[in-house]
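Each of the next two complexes has chain A plus one other chain: chain B in the first, chain C in the second.
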Partner chain A sequence: MSLVIRKSTVEILCAAKWIFRRDCRLLSTLPEKTEIVVDEKERIPGRKTRSYNPILENRHVYPEFLPDPNPNWRNSLREKMERADMLKRRSQIDIPEFYVGSILAVTISDPHAQGKTNRFVGICIERKGCGLRAEFTLRNVVDHQGIEVRYELYDPTIQSIQVLRLEKRLDDKLLYLRDALPEYCTFPLDMDPEILPEGTPVPINPVQVKLKPRPWLERWERQELKGVSNIEEHLKEKDRVRRELRKTPWEKYDLMKNYRKTIPAEEQSEIWNEVYNQLQQMRVSRKKMSRKRTVTTPKTQLA
Partner chain B sequence: MATSNMKLLCSVLNKMRIDHITTRSINSPPRFRPPYWYLPKERVMSDEMLTQENKDFLEEVKQDKLNLQNTLESPLIKSETQETLQWTPGTRRTGLIARKIGNYPLWSKDGKKFQTTLLQVVDNHVIKYIPPEEFKPMKTSKVVWKEKRKLGCLLVGSETIDPSTVTKEYCGLFNTVGMLPKRHLCRFMVSPQASLPTGTPLFATHFRVGDYVDVRAKTMDRGFQGVMKRWGFKGMPASHGVTKTHRRPGNIGAGGEKARVWPGTKMPGHMGNRWRTLRGVKILRINTKHNILWMLGVAIPGETGAMCYLFDTVLPLKKLKTPPPFPTHPPADDLPLEYYDDSIHLFEEPTITFEES
Partner chain C sequence: MNQADVSKLVSKLRIKVPPKHRKLSSPQGPEGRLNKLRKTVTGLIKYERIELNYRRADEARQYAERLISEAISHGDCHKPTMEIADYWLLEKQLVHKLFKVLVPRYENCNTAFTKMYKAPQAYYGRHIDKAVLELRGNPYPTLTNKQSNNRLLLQNVLLDAAKYDYRQAKYAEMAEKLGKTEEVKSGQSNEDRNKPSN
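Let's turn to the complex of A and B:
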């Protein structure tokens, strides 16, 4: 009985935490998980609703255009030059929208490879860095051996980045896949791309992975992961106690910390106003190109 | 009685000497005597109780001066005599004052990644030239100024500031040559033929892509640090019975004859905030519109936003081989926006591919 009560209280706490976190994270680049519509309905009518700015939504699609929020490293001119260079590179290669948890295929030119190109398929487990330093990590299991490759997004040796399956996962980083059973990050290298119908929101994959028994690379139990199902099986009483001791539940109320972690909305809208038009044009032209290609390919086959 | 007393007093007074005054010993000259053109810059800000009209008037005067300076043409364009000057490997050109604005990567044509530091040359102007005959450098006891007779002193300022924020004396330094005061002032020793007239603007194109420069700047201030951070000592093990000596230096000397701390022993102390010169830094890319230089490497001292001074390098193998813009690059409107080193891949160029050999 007491167990049940505890469980239910924990759930309520979790829900409360979610609502709070969503409020704090309005401007973070972390992907949003809960649906917005429900939130709008639940809102108290007296409270002022935050104006929805569509241009700010770009921060999820192009997170690397926002600079590092550390004020010691900021310089408006440097950031401007960096963005201009990023746009120049993007005019040469199509860098698609993808998230942590999406499955990508990356082709790079490699002077040591046979045929001078190298293709790798894997799940994106981490995406970090801003500006030209943006990078992402792909993970796959090839011949029972886990492989991770870190690519730089604006590296000119990257020939193409193809999204095979566009989806998000429950966590911001999937580094725990290193300690999970290999079937969760095994993907065939000849995987076919799955095309989502236009206009659909990016689906969230609610799969919960199973971790291998300890030893682990990190203390996953302390990270409040939502994408792991069997973490309690491997814990001892000692670990549970220490997890409780290490918890920092006050941090979600630390407005200053949150402010320091994010770029203010005014600065963001300035940045997006600068780059949005070009990005949109590129997107439209790519779409046209891809449509043309689909039309022309059968003709060439016939010929 | 009175006369004898008077005589006694006179004899005592006669014996008194006033020339026995202890003065500063000549053996210890002042450690630092600033050059004569150096004048205190910082000023205590006080409320001057100005009326709004007076404030407006001051603002107007300031704007007028600024506009006048902005419209000022470079003296290099007018004078044709500069064209006849020839650069020789022995001559020393002026340097530049730049600001470190961050770093980001560039890629070479063979796909290699280069980390670069961006330096912005902000609003550099020649303030004054002091020919070698008139130039009297700071007197020091140790260093003999070898080039006293050969090199002149060129004062270069960077970043125009509001004259009311600095002292009158500092402003006077600029007023005498008809310029507005600058935030940073630096002395460059130049050959007489490389001298420049007052008011000449200096640009990033003073250097060329592929040249090597020396960068002088103040390192990051790290405060009082232990030996592990300051000198890279190994420290001692974290466990295996070690107590209380995990980050300590350990032994600092032997006994016997050497039973003392030898001068120069590496010890804890203040780290950083020192002038350091990084020599032979290559320029990979130049933006002529914003006057930005992309320098190879991230070892340029100082944090983002720090000032640094750029010189032609003195390293014998990296010295200038072909004549650079001499005495400096004249202002021109028809320059390309960006110069790139030959090895650098342009971001607007297509993806790098390797040919099968």
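Let's turn to the complex of A and C:
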């Protein structure tokens, strides 16, 4: 009898607790299963902001500081020494922030004429490589002839790199400019630098180029390019069918393939902690220098 | 030398990642391989412990780890993560399980989210490596039999009993010795007492 009474009292207590929780959910410390959903929704914004680290934004500005993601080619000591060498080189010349789609002017000492320099202006169509072997390609059309020059970013013969127009394009690589009409990559060699006001985000140029009729250097129709407007005009039915057959919509879900292409955030933050201070110092000192220059130049003009 | 892809940030996996993927033979090519792995990952999330061939288990383990780490780092309000979960989990009620059960379970976890054991092979038939793949913190009893500290383990019970017996025997021996010496002493003292009287 006593057992039965105890059971019934426990049940009554439970029911009372349940009613109490229903009435004032906020006060309950042990929520029921149905209430977990509500709590989750309240907690989620906090969870999303947890992993954000502002130092990781450097990866867009200095992608060559990250090592090659292929683990067969990794060597932590070599990577560290390369980073030190890159910082040393950056203390010698100003390597500015630029992206694929920016227009650059590069001055190198001419390998064929002693004591002379060679200046080339063009649009950056590709950036690749990492460490000291990082390189970029400039393209321009000079006298109706397309010209591309590939420079190594840390080449000691480079005397100056100047950004004439800082902007991004819609695609990661602009190799399709080779098959585009020449007016899209023709830039005057005496172009003036355009200065962006401080603190503005890098603008994205939404221009869509027009391709020349075929033959092309690559099958551009299969690459899902955003910066090309007239690609459908040059395609035959056969090409459209083959493009459909060649599509790989599952690749964006291949989590390990994406993982093997990148450096994980933990490793990245280690690298940025190592180099960020020096890079920041260089940036600040460069700014001071440029301000001094802007102050001094009008005086000379007046005199 | 390739440049690392910087468009996405991923958190580091706590398991060993081989430099290249395994090819799981399939007539549909890479898509078929992913379809196979999708079935396995769905099964792992559903049953929390599965036994399968080693190659496929090792491959599916990496994908399951990535899926859980994506879910932890982005939460369920992130559209691309939701699409990924929708692709990898063939039974859609498991999407709820991923975000409401597994994410809270592993949020503060410092180790890998899954465990893999080598399973015994069948004695007859083809030689194929087998493995058991399980989620950490699953409700099943542990597979490893290392319970050397468990007091109720039969070996430990027998050892305790043996120790007890040994100790009892020792005590008995000591008590006997003490008794003997006392007897001798008392005998001597009796003799001493008896001596002067005699």
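To be clear about the criterion, the second predicted complex is superposed on the first by the 245 of 303 C-alpha atoms of A that agree within 3 Å, B and C clash if a C-alpha of one lies under 4 Å from a C-alpha of the other, contacts with A are read in each partner's own complex, and residues count from 1 in each chain.
Everything below uses one rule, namely that a contact is a pair of C-beta atoms (placed from the backbone, for glycine too) under 8 Å apart; a residue touches a chain by one contact, two chains touch by 3 or more.
What you see is a predicted model, and the numbers here were worked out from it, not measured in a lab.
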item: Chain B versus chain C as contact partner of A:G131, first or second or both or neither; value: both
item: Partner chain(s) touched by A:R260 [first = chain B, second = chain C, both, neither]; value: second
item: More chain A residues in contact [chain B versus chain C]; value: C
item: First, second, both or neither for A:D155, with chain B first and chain C second; value: first
item: Chain B versus chain C as contact partner of A:N72, first or second or both or neither; value: both
item: Partner chain in contact with A:K88 - chain B first, chain C second, else both or neither; value: first
item: First (chain B), second (chain C), both or neither touched by A:K116; value: first
item: Chain B and chain C footprints on chain A, overlapping residues; value: 72-73, 131, 133
item: Interfacial residue positions of chain A with respect to chain B in the complex; value: 72-75, 77-78, 81-82, 85-86, 88-89, 91-93, 109-111, 115-117, 131-133, 152, 154-159
item: Residues of chain C defined as touching chain A within the complex; value: 1-6, 8-13, 17, 19, 21, 30-31, 34, 62-63, 66-67, 70, 72-78, 83-84, 87-88, 99-100, 104, 107
item: Of chain A, residues touching chain C in the complex; value: 36-37, 40, 44-45, 47-48, 51, 56, 59-60, 63-64, 66-73, 127-131, 133-134, 248, 250, 253-268
item: Residue ranges of chain B in contact with chain A within the complex; value: 101-102, 104-105, 107, 110-111, 113, 118, 120, 287, 290, 292, 303-305, 345-356
